[in-house]
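Each of the next two complexes has chain A plus one other chain: chain B in the first, chain C in the second.
Presenting the complex of A and B:
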């Protein structure tokens, strides 16, 4: 045990000022066959980039904040931040999360019980700036010092001794993008403090007051979705092309002629996919089409703006954008007159469309919504589709998307399906409601800019990759093809990057994909070999 | 004179405690309805689902099934938390070894104090005095061990020390002293009867003789009670909200007109956020129904 030596509360600022980069030798070690694995350091920004864009205390850049042109501009931004902070604590501006925020800000006893639960803190080799309480404590000090009455009285004694500057704020903003909002820390907290929520509120303050947010979430995310139709940039005309291709592909792969239904009024289900599937993993939407059609379910997709993309990145950083997208989703469903919304394999879309929107959507727009996982469970367990599990005779493990499990409590349906269709299914540890985030949560999966991809492969996804190796330790040799089932589009994005970075196909024969692909792979009515092992 | 000052101090402390706690609870209770932010496991789910952290959303057509909520599950979960600090035990055993005696000490002293008031008339009955003495000794001793242990840990452990303010240390030190004083007072029969007489006199207004040791103990205890609501040690009250009103607040919306009214009043608030994409000055309802303005970063 190390001894504390100096004024403790000053140390947080010291960690910020230290500009300590990730020491790759301190990352948690990986098991066989990765004992010899060597990580290169996370690259810094180039001089040109650094002259234009701010970076975090670890030299990593996610929010891509432009360097202000002058000291006056910096001072204006600091003043604006404080204005925003006041708004964050008012009911008019933050009715959406005021109660949970106040509870978490007021009552943390800083026992650090949450730290061990955090995959980024532990995966990084316990870098202090990644500790769940670190950024929360920074915000708390700023509130206590600059917002609460008497904040300047005995600041050292009370622990409010923080001096606010643009540099401090930049680091706070960047650190809010070093947490995947997986809420594992909140689950471990004896008091119920939610550091994930505080992180989201920091992002929100920067976005809603200063217009600062990770571009992949805002300009290229919600703004594009609301104006073009999808955060992928796919417009309705492009969507039709993609679907036409998907129909041809289904016919070629399975021998089944399927017409993907669009804008069918009064259908039982409006199926909402993450549009990332259409471009990156078309086999997922194809599998859905095959299952739902062969099971005789009345379903439709929407071709209307936003209606064909279940993504709602507002959930990760901005209440205004969240509300706009959520409202649009329900407007589309209501207009079509469908009986229910079925959310496809996308974790955050589950949470955005189901529980969180529950207290936002006006009565006149309300439509019932449910998870695709429970619908699939019904089809599989009640034998509404014919299955031959022997077609899936390879090792399979399940990655649990945090938003579906920890934030919604949907745990068993996906397991019941896998037990039925995958004879060599095994759990990773921990799993279910106690799972580890893939490391791509809260928008990280879609951020491919600057040095952030290197960080998320080495740091935020490290623990998940170790879990995968451990889950397959009995058959880790590359000759045995194995399947990581990740029923979430963003998780798959992170899996793609993780498996690629760690050369997992070459070293272990590990492939990732969704749940429906496994179901179709086992369907008797479909030609064998739906899962394409050459796709890696 | 000293007794009068002490009595006044205790009375003021209790008054401040009640006002402070009420203010703190109202601070949370009077906030607007918030968006759902469930966190699983949820304790009132039926046992079969609670075990794996499941929810009603695991059912097909979940809205068509009656919502089964287990009150026993909630009571059991809270009891485990309050009595055994289960989350700390599960996730932070080193802290739990100190935190458990700390909390049990406080519980025992609080219960002993409360029991003393109505029973003060019967203190001549020796077994009761003995029982109160034992409770006071046990409570004070556990508090002393727990608070001193926590203080030591928060000074010597770098990870805890980083996040422990000087005032936090003062608080723990004060509680350790209070534990020691309570042990000293409870170690003699006259100490217990003196404390009981003093507490009874709060209700009756009759004069009660106070020893120096008891006087110091009561003064320190009063100080603790008075500032407790203004510190994070009030988390015992906040915990009700964090669990019942946030983590476990999973009730799906129904035709509940009260909820509809609360939501409507929230949607009628005017938005003052000033980023480009927010339509400042409109209501939340209007902003949600609008499209964003052109994106831009306000950094020039």
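Presenting the complex of A and C:
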């Protein structure tokens, strides 16, 4: 790891005036066998697109903000922003996160320790606009000049040298989508400033007050989930088709006949999966079904709208949408009368259903919830399922989802399981609470539009890919098949895109998947070969 | 709103070229969309994939699992990539007139 070099934040106005695009030659270099790797520049929007959609100061586009039709429309939006900002800073309008927001806004000592902790800042070759303090400082200057009493008097002398204009707002909104909310910066900060939280509150202000949010999170995310049942668009009929296929597939692959339980009242666990698993990684839900059934656990899935999709993208951008989805999750569990919710391999669902709900949802509306990792640890360590680790005789490394590790402190269960089932397990460095984000956090993994996929493969995922190569450096040749264990749907989506962009299968024989697939691959009662190395 | 025009075909598409109104799809549209995916001729194998995706979408409102697509059409994943170079989700679904996949897929 590079030694920390602490530099001051360069003049904000200077960097806001100039656009700063990613220079692919400055991206952190990759080790063997990637010394010859060449990245093409991130493409800009076409002229036609640029006439309709705003993009960030780096030419990248995530929020897909429509270009306002007139100067009056721009002024109206700026006025709305200021109104929204005032609300963000008052308890009656922001009781949810006002305290941590103000603590972080008021107490940053600008030491820049956070900068070197940020995988996007360092991965990009240290672009100023990606510094964790950059967008926070923008917001601070706007507050100081336009909200605080007397802030408009000699603003430049006070350092409040930011002009609030539509262009400034576009930059702020887009830059709030160049941070994965991984909160590695908050952990590194000597005074506990949470620039991830500030970024999330900026997103919230834009979403709740101006209707600006990444479409994959809002229209195609929470809105779709609350109307159709899942952000994937999967309706209950489709769900049943998926499950029928899963049962057939399990029988064919393992020789075991399993009935996937639905809507069982009074079950011990309501298992909530990210519905992405159903469509893109069905072997994950199959593996859960095999383990829980063979271990004799009392469990069920729900077929009710929202109940079969654990995602809650509101966590990333909007309190209202967060609450709507969270309440629906608990309502489904209460109706079934289950004892607990078991959250499957999805990091942000863990955080949404557990620690954030602890803060925001009243106790009487909640249902006890547990991480699948904790349940699995008990089954594996206490030998409630029979395992033959020699079946997993290939190199395995573990990617830590930020929301499970840094946000919740669940570190050892997944490791205890791997030590028991994967003889060639090795850690990547750094790991645990010090992990690097996959680069797809905070909804980036689901954003597949315009030039954003190019950005996240090259910039936000760069350090993670370097870590993977380093973890497998003793056996990097493509003939040795190796497994990146990523127990989170969002991380898996990013892993898929990263491994594909860097041609990792062809160059290094690297495959990715969840944790339960590895468990089932080692189960004595299951026919050998659950992991399908040819399916990539 | 971006439009995609080729020959007699004019359709509304999203920023990544997926149809916004899948009910406007027909075989001519499929042929036109295929050219944007680097597929000049839709062979019988292409149609097998496209028709399966189409029928599944009309029934369930989403694209099928890739694993199911492979099983039902008899093609290996690699063969689907050979037919549609940008893959089943981005390439084949676009030609079949499905909207762009959403959620953690």
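Everything below uses one rule, namely that the second predicted complex is superposed on the first by the 519 of 536 C-alpha atoms of A that agree within 3 Å, B and C clash if a C-alpha of one lies under 4 Å from a C-alpha of the other, contacts with A are read in each partner's own complex, and residues count from 1 in each chain.
Heads up, the rule we're going with is that a residue touches a chain if its C-beta (ideal position, glycine included) is under 8 Å from a C-beta of that chain, and two chains touch if they have at least 3 such contacts.
Please read all numbers here as calculations on a predicted model, not as lab measurements.
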Three-chain arrangement built on chain A, chain B and chain C clash or fit: fit
Chain B versus chain C as contact partner of A:22, first or second or both or neither: neither
First, second, both or neither for A:445, with chain B first and chain C second: second
Partner chain(s) touched by A:422 [first = chain B, second = chain C, both, neither]: neither
Residue contacts with chain A in the superposition, chain B compared against chain C: B
Partner chain in contact with A:194 - chain B first, chain C second, else both or neither: first
Which superposed partner A:235 touches (first chain B, second chain C, both, neither): second
First (chain B), second (chain C), both or neither touched by A:53: second
Touched partner set for A:354, first chain B, second chain C, both or neither: first
Spatial angle chain C-chain A-chain B, Cα centroids [nearest 10 degrees]: 160
Nearest-approach distance, in Å, of chain C Cα atoms to those of chain B in the combined model: 14
Footprint overlap on chain A, where chain B in one structure and chain C in the other make contact: none
Touch list for chain B against partner chain A, complex: 27-28, 31-42, 45, 49, 52-63, 81, 85-88, 90-92, 95, 99, 155-168, 232-235, 238-239, 241-243, 245-247, 250, 252-253, 259-260, 263, 266-267, 269-278, 284-285, 287-292, 295-300
Interfacial residue positions of chain A with respect to chain C in the complex: 48-49, 52-53, 64, 216, 220-221, 224-225, 228, 230-235, 237-238, 241-242, 245, 249, 274-280, 282-283, 309, 311, 346, 445-446, 448-450, 489-490, 493, 534-536
Chain C residues within the chain A interface of the complex: 2, 14-16, 59-68, 76-77, 90, 100-105
In the complex, chain A residues that touch chain B: 1-4, 8-9, 11-12, 65-66, 68-69, 73, 77, 80, 83-84, 87, 91-93, 95-100, 102-104, 106-113, 115-117, 128, 131, 133, 137, 156-159, 183, 186-194, 197, 207-212, 218-219, 222-223, 226-227, 320-321, 323-324, 326-327, 354-356, 358-360, 362-363, 366, 368, 370-371, 374-375, 377-378, 405-413, 432-434
